[in-house]
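Shared chain: chain A. Partners: chain B in the first complex, chain C in the second.
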Partner chain A sequence: MTDFIIETSQLCKSFKQKQALRGLDLRVPAGSIFGFLGRNGAGKTTTIKTLMGLLQADSGYANVFGSPVTDADHSVEIRRRIGFVTEDKELYPYMTVEQIIRFTRSFFPKWRDDLEKRYLDIFELPLKRKIPDLSKGMRSKLMLLLAISRGADLLILDEPTDGLDPAAIEDVLRELVTLAATSGTTMFFSSHQLAEVDLIADYIGIIDQGKMIVSGSLDDIKARYQRLRVVLDDPKALEVRWEDGVESIRQEGRVLSLLASRNVDGIVEQAQSIPGAVVERYPVTLKEIFLEHVRSN
Partner chain B sequence: MLWYKGWLETRFKLLFLIGFTIFLLCFQYSVRNAATPAGGRNPALGFILISTPSLVLMVCAILGGAGIATQPSFQASKGLHGSILFTLSLPASRLQLLMVRAGIGWLEFVGIVGALCCGSWFVSPAFRAMTTPMETLEYAVTLIACGSAFFGLSVLLATFLDDQWRAWGTMMASVALWWLSAHTPLPASTNIFHAMREGSPVLAHTMPWTAMAFSLVLAAMLFFAALKIVRIREY
Partner chain C sequence: MIFRVNQGSGIPLYLQLMEQIKHAVETGALREGDQLPTIRKVAEDLVMNPNTVVRAYRELVHEGFIELRHGSGAFIKGTAESRARLIRKAQTVVESTVERLLSMGLTEDELRRVFENELAQANAKREVVTGRQGKL
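Let's look at the complex of A and B:
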C-alpha cells in the first residue's frame, strides 16, 4: 500500500465571487517528487496555502503526514516537518541573510548545518547583505536554502526556480534530486516550467479551474498517452465515432491528429479500419499532455 | 527568536517615539521658567499634563500592533501575501505571534512612559515642585495602567486591520472616547482621561485606583477578544 504524505479530498475554496478550488483530489506519495502543474489562476497557490494552513478550505479535507491541516494542535507540528518556498519569495526586509538564517534555524531542531553551509557555498549568498538588496534570483536561492536546511520530511515549493538564470535552475534541480535521493524527502512543487517537471518529477498532477484533471506517475502517464497520426485518402468521407480514450482530435487536410489517453490499441485498430488510412503512433511529451488538457478543459 | 524579530520590526518606531519624547522634554525645558498667571496653573505643568497623556495615546497607537497584520508590506485587504507567508510557515502559532508582538510593544510602551515621566522630573522645576520622586513614579504607573486600555484596543484592531489603518483607528477611537468621557456624566473616579490629568498623583496626590482598575479590566477584555479572534483563525 502506498503511503501518502499529502492527501486531499473534495477540497473547495472560494474568494468572494471566484471559486479557486472545486473539489480537488490530490495524493502525493511518500518519497516522491511531485510536480504540480497548472495555468495561472488554476488554483496551485491556493492549494499550497491550504496545505500549509495559511488558508482554511470551505469544505473537503486536507491531510499532511496523516493529520488534518485544519487541526490547530497538529498544525504547528506539521509545519515543523515542512520546508516551504513561497511564490513571491518575500522575506523580512529588515534582516540580513545571516540574521534570517539564524532566525529560521531557531524553529527547527533538525536544522541541517551541513546543508546550510553547502548551499551558502553553492548559491554564493552574501551573509551580511540585507534582503531588499538581493536580486530576485538570490532571494529564491535564499528561500531554498531556508527550506532545505530545515531538515524537513516534506518540501513544498511554489515556483522554486522563479527568477533564476538557466545555470542556476540546473544547479537547483540537480540539488533537489540529490536531496530526494539521499534523504528520502518528499517534494511537492508547483511550476510553469514543464521542462523542469519533466526532468525531475516522478509524479505529476495537472490542475485546471480548481480541479485535478490528470494525476499519477509521470512514466505511467507518458506510457498511457500516445499521439496517432492518421493520413486519410479522402478526408471528406470521414465519418467515425471514435472509441473511448480519444482526448482530442485535430484535422489539417488529409492528416488527422489524435491524442489518446487509454485504449490506444483499440483506437489504432479503428483508425486502420478506415479505407486507405495510414496510421502512425508517436510518444507524447508532458507539454503536449498539459496543453491538450488545459485547452480542452 | 520571535522576540528578536519583534524588536527588529519595532525598533524604528521606538526610535521615532524616543525622538518625540526628547522633543517634548526639550519643550518642557524651554518653558520651565514661564510665570504662573494669577489664579492659574503653571504653563510648564499644564504642558506636561496635556502632552504626557497625548504621548501615551500616540505610543499605544504606534506600538500596540500585534499579530500578523503588523508585518511590513502586509495589507489585510490583499489577503495573505508577502513575508507573512514565510512567518506563517514557521512552526509558531498565530497566538504565539500575537502574544510576543504585544509583549514587545507593551514593554517599549512602559519604557517610553517611564522615560518621559522621569525626564519631566529632571527638566521641569514646576513639576519637581509639585511632586516627589515617589509621586512621579506613581504618575508613570498611572499612565501605564490607564494607557493599557488603548494598547489593548490597538492590539484588537491589529487582528483585522493592517498597520496604518490600525494606528489611525486607535487614534480616532481614543479621540472619540476622550470626547465621550468629557460629555458623559461618568463618575470621575472611573474616567481614564481624568485619571491621567487632574486625577493623577501629580495633582490629586493619590492613586486613581478605580480608573486604573477599570482601564486594566478593559485592556484585559480587549486583549482576550484579540486572542479569541486569533484562536478562531488558528488552523
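Let's look at the complex of A and C:
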C-alpha cells in the first residue's frame, strides 16, 4: 500500500468569472518528487494555494499528511511540516537576507543549521542585502533556503526554478535531488520546464482546465505510451475503427502517425492487419505526451 | 561520471542507466568486483531522481548483473564479464550477417531500420510475455 502525503478528491474551486478546479484528483506518494504540469491558467497555482490552506475549496476534499487542510486543529502542525516556495516569491521587503533567515528560523524548532549554511554557500546569497535589492533569481534561491532549512517533510514548490539562469537551475535541481537522496522529503513542484521534470520527477500529473488528465509514475507512463508509424500501401482506401487507446491520428500522404496511451499491442496488431502496411513503434517523450493532451482538450 | 542519459529520447531513464552500466562492462570500463558509484552520487552527478537510480540498480541485481553487499554498496558480478564475452561472440555473428546483407545490395540505413524494427518487435513481445519492460 502506498502512503499518500497529498491526496485530493473531486476538488472544485470557482472564482467570479472562472471555474479554476473542476473535480481535481491528485495523489502524491510519500518520498516522491512529483512534477505538476500544466499550461498557464490550468489551475496549478489554485491547487497549490488550496493545499497550503490559503484558499478554501467549494467542494471535494484535500488531505495533507492524512488530515484535511481545512482542519483547524492540525493546521499549525501541518504547516510546520511543509516548506513552500510561492509563485510571486514575496518576502518582507524591509528585511535583509540575514534578518529574514533569523526571523523564519524562530518559528521552526527543527531548523537545520547545516542546510542553512550549505545553501548560503552554494547559492551565494549576500547576507546584508535587503530583499527588494535581490534579483528574481536570488529571491527564488532565498525562498528555497527558507523552505528547505526548516526541516520540512513536504516541500511545495511553485515554479522553483523560474527566473534562474541555466547554471543556477542546475544547482537548484541538484540540491533537490541530494535532499531526496538523503532525507526522504516529499516534493511537489509545478513547472513549465518539461526537461527538468523529466529528469528529477518520479511521479507526474498533468492538469488541464482544472482536471488531472494524466498522472502516475513517469516510468510507467513512458512505458505505456508509444508512437506508431504506419506506412500504408494505399493511403486512400483506409477505413479503420481504431481500438481503445489511440489518443491521436495524423496522416501525411502514406504515413500514418498514431499516439497510443495503452493497449499498444492490440493497436499494433490492428495496424498490421491493414494489407501492405508496415508498422514501426517508437518511444514517446514527456514533451510529446504533454503537448498531445493539452492541445487536444 | 562515466554514465550519461538522454532525457529527450523518451526511453525511461532507469533503462538508459541500466544500458550504460552494461555498456561500461562490455567495454571493460567496469570489471568484476568493481564498485558502482553510490545512489546519491549518480543522482547528483546526473541530476536525476534517486529512486530512478535505485530502480536501475534493483533491476540489474534481478538480472544477476550486479550484487549488493550489505552496507558497502553495489558491485559488478563475475557473470557480468561472461555476458561481455557473450556479446563479443554476438558481434562476430552480426558481423557476418551484416556483410552478407550488404553484399545483397541493402544500404546501411535500410539495414539499420530493419534491425531496429526487429529489436523493437522482439522487445514488445517480451513485454507482453513477462508483463514488464524487457531489456533494450
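Keep in mind that, in the parts below, the second predicted complex is superposed on the first by the 297 of 297 C-alpha atoms of A that agree within 3 Å, B and C clash if a C-alpha of one lies under 4 Å from a C-alpha of the other, contacts with A are read in each partner's own complex, and residues count from 1 in each chain.
Heads up, the rule we're going with is that contacts are C-beta pairs under 8 Å (C-beta built on N, C-alpha and C of every residue); 3 or more make two chains touch, one makes a residue touch a chain.
Values in this document were obtained by computation on a predicted structure and should not be read as measured data.
Steric overlap between chain B and chain C is absent once the structures are superposed on chain A; the two fit side by side.
Of the two partner chains placed by the overlay, only chain B lies in contact with A:Gly53; chain C stays clear of it.
Look at A:Ala201: by the touch rule set out above, it reaches chain C but stays clear of chain B.
Legend: residue contacts after superposition of the two complexes on their common chain; A:Asp265 is shown touching chain C, with no touch to chain B.
Of the two partner chains, chain B is the only one that A:Glu90 touches; chain C does not reach it.
Computed from Cα centres after superposition, the angle at chain A between chain B and chain C reads 150 degrees (steps of 10). Touch criterion met: A:Glu288 reaches chain C, while chain B stays clear of it.
Judged by the touch definition given at the top, the superposed model places A:Asp219 against chain C, while chain B stays out of reach.
For the three-chain overlay built from the shared chain A, the minimum Cα spacing from chain B to chain C equals 26 Å. By the touch rule above, chain A contacts chain C in their complex via residues 31-33, 170, 173-174, 177-178, 180-182, 195, 198-202, 218-219, 222-223, 264-265, 268, 280-288. Here chain A touches chain B in the complex through residues 15, 49, 52-56, 69-72, 75-77, 79-80, 82, 84, 86-88, 90-95, 99, 102-104, 106-108, 143, going by the rule given at the top.
Residue ranges on chain C touching chain A, taken from their complex, read 7-14, 39-40, 43-44, 46-52, 55, 113, 117, 120-121, 124, 127-128, 133. Looking at the complex, you find that chain B touches chain A at residues 1, 4-5, 8-9, 72-73, 79-83, 85-86, 88-93, 231, 233-235.
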